[in-house]
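Got a structure for you, questions after.
The letters A, B, C, D and E name the chains in turn, as written, and every chain counts its residues from 1.
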Amino acid sequence: MKKLRERAAELLSQGVVSLVLGYEEGTKRPRPLFCRNSVNAEKLIFDSRCIHNLAVYITKKELVGKERFAVTAPISTLRSIMQLFVENQLNEEKLLVLTVDLNGELREFTTFDEIAAYVAQFELKRGEREQELLSKIEGMTREERWKFWMEEMSHCFKCYACRSACPLCYCSKCVVEVNRPQWINPWPAPLANMEWHINRAMHMVGRCTACGACGDACPIGIPIDLITRKMMEDMAPEFGYIPGQPAKQGNALSTWKLDDREQFIR
Amino acid sequence: MGHTNKVSDLQSHTGVEVMRCYQCGKCTAGCVLASEMNYPPSYLMRLLQTGTKPNLDKVLSSNSIWLCLNCENCLGRCPMEIDIPKMMDYLRTQAIKENKLHPDSKPIIAFHKSFLDSIKNTGRLYEMGLVLSYKFRTFNFLQDLSIAPSMYLKGKLHLLPEKIKDRRSMKRIFGQTIENAKTDNK
Amino acid sequence: MSSNTDFEPKIIAFVCNWCTYAGADLTGTSRLKYATNVKIVRFPCTGRIDFLLLLKSFAQGADGVIVSGCHPNDCHYTSGNFHARRRWIAFRSVLDLMGVDIRRIQYSWVSAAEGSKWADLVNNTVADIRALGPYAEYQKVADYLEKEGYNEEA
Amino acid sequence: MSKIGVFICHCGENISATVDVERVAREIGGMEGVAHAIDYKYMCSDPGQTFIKEAVKKYGLDGVVVGACSPRMHEPTFRRACAEAGLNPYLCEMANLREHCSWVHEKSEETTEKAIDLVKMLVEKVKKNKPLDSIKVPVTKKALVIGGGIAGIQASLDIANTGHKVILVERDPSIGGHMSQLSETFPTLDCSQCILTPRMVEVAQHPNIKLYTYAELESLEGFIGNFKAKIRLKAKSVNYSTCTGCGACIQKCPVKKIPSEFNAGLGTRTAIYVPFPQAVPNKPVIDRVNCNYYKRGACKICEKTCQVGSIEWDKEDEIITEEVGAVVLATGFDVKGTDFFPEYGYGQYKDVLTGLQFERLASASGPTFGEIRRPSDGAVPKKIVFIACAGSRDPAKGIPYCSKICCMYTAKHAMLYQHKVHDGESTVFYMDIRAGGKNYEEFVRRAIEEDTVNYVRGRVARVYEKNGKLIVKGVDTLLGGEQVEIEADMVVLATAGVANCGSEQLAQKLHVSYDPYHFFAEAHPKLKPVETNTAGIYLAGACQAPKDIPETVGMASGAAVKVAALFSNDELVREPVVAVVNRLAPPLYSTCVGCFMCETACPYNAIEHEEIKGRDGSLIRNSARVNQGLCQGCGTCVAFCRSKSIDIQGYTNEQVYAEVMSLLND
Amino acid sequence: MKIGFYPGCSLTGSSREYNESVVAVAKALDIELIEINDWNCCGATAAHAMNEELSLSLPARIMAMAEKQGLTEVVVPCAACYNRLKVTQHELEDDTKRSRVIDILKMPYQGSSRIINVLQLLEMYGAENIKAKITRPFAHKVACYYGCLLVRPHSILKFDRVEDPQSMDTMIKMVGGTTLDWAFKTECCGAGFSVSRTDLVAKLSGNILKDAADRGAEALIVACPMCQSNLDMRRGAINKTLETPSDIPVIYITQAIGLALGLSAQELGLKRHFVTVEL
């Protein structure tokens, strides 16, 4: 952590970057810190409690500006950054990524390939909570799943915190805001809620890196992160990608293989 | 019952669509017993296609349906994949039902009945019993008299039947299939 | 299932212009008969078919959906159907996870030459959906919207 | 509010027999936004079109829906009518009440209700239609003809004679195709080569024709008027600019036992070879698979005999690119081999031949110089059996169709045999005799009556060999199914005509449709027999279905006229069904955020990156942009776009959404 | 290696020698045959000529018993039984038929056991072993006779090719024999009428023997007890239809292989034939 602060201060004072996006202590848990000078670098922290996915800010020009900036990124954030690279949303020349590895060493990355090589050591696995809930859902009949989700969705009041928290929801105009035609009604109602979440899951196929930010952000605790996580787990073997390891070229959904499964097609 | 219904019954029971046949004659050309039959298979198909009562009667009372050995040469070569053997099976049961039996059918039916009786009682084929029962059915006591002793000498003929343990299941199977069919017929 | 014999399912078909639409035209020119329950929406390619349209169909009261296009390798646009196939794999998976009844969406390849296949597809799908009954489960949720009095046109 | 005009066609009685057209018009007339709705007997007729034109003017219509046949049939007709009345043609849509409704349902309440729904759907769509301008593209006035058989030859000559350039590509070392293999032709019995070879020479000498033999199409990109064809020129290993075609190399080549393709396997050829004496070009190629040098690294005898040094050992396949405006497919057909028939011996009996092989036996240029002799022992067959419908009309073998030419050539074969072997006995087993054509029936009767060919109606169940004879087990169905057994010396199978090998792959390269038997599909079975579903690609000859020479030649000329018509204008008008990325006023510019998922999905590389820059020149963002020349309008990108920033004209999100909503909203 | 075994009625009676040779050859090849418990007759031609449900129920019971015993693969040497079992398995893929039959049997039936004939057994599990264990090559010129039941209906059995099958020929060549290319490999011998219409059978079987004799066969090789007993036991009647009486023996493929493996005529039941076997 000390090394991180020193390096951040150095980067800022030398003018290598104009901003270090990191974490500082908050009232309950660490919160994001937009560190723009070397003095503030002292506030930077980086430990296992730092799970807020800072990648959500790095596509927003109004926050990060036009200059080069640095971001401190735990493994889940690194995955998001990789996916953002794949989707042409980041510029390698404008970004410096900092992380602290398992040995407490400070690591710096500037390219997709460097991050990919580092992330490859980590397997994306279900946590206890995910395991418990998903195995419960997997054990349900279709009708039970429908009831389960309808019940969960009935609480949703469309605050779109899930969308705001997701680093991959970077569209300037979301489909729910498109009104010609109005594909999905923006207000909370069971059908519109269901359509929104199915839509979100489809938009995340082959993209979601299971950081869990959407689920964390949900103010009423609907386990929506499980939808995209489960899709990631199920589609990975189907489309031949490794969960949490975005491939540099092409998106799983907008590419295809000659022998994709088609038993369901009559 | 209208005559065309019988042809559609044939289709619903066996899946054989008689109208598919275009009388190319390939079945007849390759049939080992066509020359013995009143009507060779392709001719029989044409009779069925007409759907008229006299022609259907011709089919049911012909020896053709009894002489078919179900060797399936016709099916194997039929360009329209018409399952003639399956159709013959069905026509035989119909001929029995309507009691339009060609004399050639007698020994054949007798043999089949003796065969099934044997299984019904013991679960397995009792060849000695089969032959005896068949002889009683046909009054043809001299047939095969020459080979039976040699068969016995060569260890090929058991004097007593082999029986399976679960003979009740045999009774049930026969009860629910053959006997059911009989009641259906009434 | 005998209780559903009176039920006439509403089915909407999303088909591509080059294979299935033309195949359905051939069904017509061949005068093959099929059930009236299916109405076709024409698309240039299966690749064009948005999954949201399928959701909207159910919301609008469809009991079943047919999605059909060119056989693999026959796409007029080379690969639209391959993209579609992959999209449907994912979409089925999402729907199944959410508990939507995926038996109500019938995918098929029907070429421009397969007029009789189209007729069979329609008839079989109608029979399948008739056996499943109305998709009340989904429509109940959709109706909620109307009861609330929202109407986007207004 | 919209002012839509709706026009319901009776199509004679084709629609009105099962659909209550008056009710359709009545109910649609009551729809919101419908200003005018009528029904009429023939909407596509002149008076019908006049109704539409007048209504457009009278009611100031801003959209037209015609409920009639398939839009694949008459959409252009009605759009043209609208345009003539001053309405943008793309504001006209068709509801398919015939192919998708009246023809496939019985007369009933439901059928009429479905028709109403179908029209409603299109009315809702039209409300969202936008006026579009068609896209104009230049036309490259050069044609590519694939296949150098009689179809390709005829098409090439006809196009070339209209003054346009033609590139003719032939897979084999010579043009000529199957016709060059035939002995004599029905029903005139004139010699095939005598009528064909002058045309072959004409092709070679025509100033407008560029001939590539021993070449295959590698790929075809682009669209009507603007194709880019990559052609693989297979290495001939002989330099044609210096080769004189003296043939010395062929004489000296030590590899002599290769089955000759031209002789359908009955004769042999060398490794360096000209397929047949009248070949065009009459210069050899080296068959690298069989050549000693390529197989074992030593020989080169041909090089030593060649006085002009034309052998090119290291020559590699060359790929050239040609820009063409139209393509004619004339790749012909093939026949099933005798090995396709388990019941006739799986091809193991040497004296069981295909019809094509018999042609070679009967041909003066064939392996026996026109004498009919058994391949097994060279004996003249005294009893010969011809089996018609061998594989054809045989669904069990996967070929339910009639190959069309076999009845006639079998009669010709039997006739030729009787002419050549006077004491011979010939039997034809047939199912039906299909001799529709000028002088065809007379020809078959001649075979039966004058040449005493024994015609037996029945199929043959089996052929097997015993004591050097072929035992043919057939049947005479006209005698109530009497079995007929013939001890024959030779059996000729009129084997089914099938699609040429590789036609499926070729169709996929060209994006043309094909039928379940891999014959290329015409755009319409009656009215567009030479067009394919892909604009700018036409069909000629047996690649579409088996057909005889006169029919093939007629079709080739038809295709040539289509090409000539296309080339008669400098520009071609294209449908504006293309994708567009939305553009908005600054500071938004576009809702596209540049994820470029559309780019990976696009089959045509039509998505470009556009840098959107502010007034100061600084980059605001990268957005997608569609190249309208490349876009073919599949719309795959549209379905992938998460922010709905890309849309496709003619099938916009608003249009299809309105259709779906209307269809079920009741 | 263990495999399920369904002998069928013929093999316990009139075709004992087939059973003996199958068992002897299997033993020599280290294949353990596990007989299905309390098996019943498959019903053969009689059942399906008379009643369809019966013709499905009898074989279904056999396969249900095999499943109960956990036999995943069952060898059925008798071609008639093999045919009935395979066809039944195919027919019972239809749900209504299957549930009806299960209802009759009062036993679970999955249709999961793989049914193979004796040629498949030898080919799949014996080929290498046979090659290694040949002690006395079977140096004879023979005609392999397949009959109807082993190869038809091809669409269901999917065994060998539909005309001119080769599997038995391949096997004979492997043990040192030569096989004839002849015309009657799959023509029917008429065995279904062996008892009821001996006159027709004699004619059909006569045609078969004549072609084999004309082409110089030393023996007919078969894999069907119906064909064998018909061509062997009925030889007296057959010879009456032939110009030249035939003394060509009719032996089972397992007997031919047994001989090549050095097994004795006694072990292979060769003494039980009517037409003397001297090979």
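One rule holds in what follows: a contact is a pair of C-beta atoms (placed from the backbone, for glycine too) under 8 Å apart; a residue touches a chain by one contact, two chains touch by 3 or more.
Computed from a prediction, not measured in an experiment: that's the story for all the values here.
Steps from chain A to chain B, minimised over paths through touching chains, total 2. Considering every other chain in turn, the ones in contact with both chain B and chain D prove to be E.
By number of C-beta pairs in contact, C-D leads over the other of C-D and A-D.
Rounded to whole angstrom, the centroid-to-centroid distance between chain D and chain E, based on C-alpha atoms, equals 50 Å.
Separation between the centroids of chain B and chain E, computed from CA atoms only, is 22 Å. Here the spacing of chain B and chain C, counted between their Cα centres, is 48 Å. Counting only residues that touch two or more partner chains, chain B has 73. Counting partner chains per residue, chain A shows two or more touched chains at residues 175, 183, 253-255. Touching two or more other chains at once are residues 343, 462, 601, 640, 653, 657 of chain D.
Of all possible chain pairings, those that touch are A-C, A-D, B-D, B-E, C-D, D-E. On the side of chain D, the complex with chain C involves touching residues 70-72, 96, 98-101, 103-106, 108, 110-111, 113-114, 117-118, 121, 508, 511, 513-516, 521, 525, 533-534, 577, 601, 603-604, 632-636, 638-640, 648, 650-651, 653, 656-657, 659-661, 663-666. Listed in rising order, the residues of chain E touching chain B in the complex are 9-10, 12-16, 38-41, 43-54, 57-58, 61, 103-107, 148, 152-154, 162-163, 186-188, 190, 192-193, 195-198, 200, 204, 233-234, 236, 271-274. Per the touch definition, chain C reaches chain D in the complex via residues 8, 10, 12, 17-19, 21-22, 24-29, 31-34, 36, 39-45, 47-51, 53, 56-57, 60-62, 73-80, 83-84, 87, 111-114, 119.
For chain D in complex with chain B, the residues that touch the partner chain are 343, 389, 393-397, 431, 457-462, 473-477, 480-481, 483-484.
Residue ranges on chain A touching chain C, taken from their complex, read 137, 140, 142-150, 175, 182-185, 187, 189-192, 194-195, 197-199, 201-202, 205-206, 227, 230-231, 234-235, 238-239, 252-256, 258, 260-262, 264-266.
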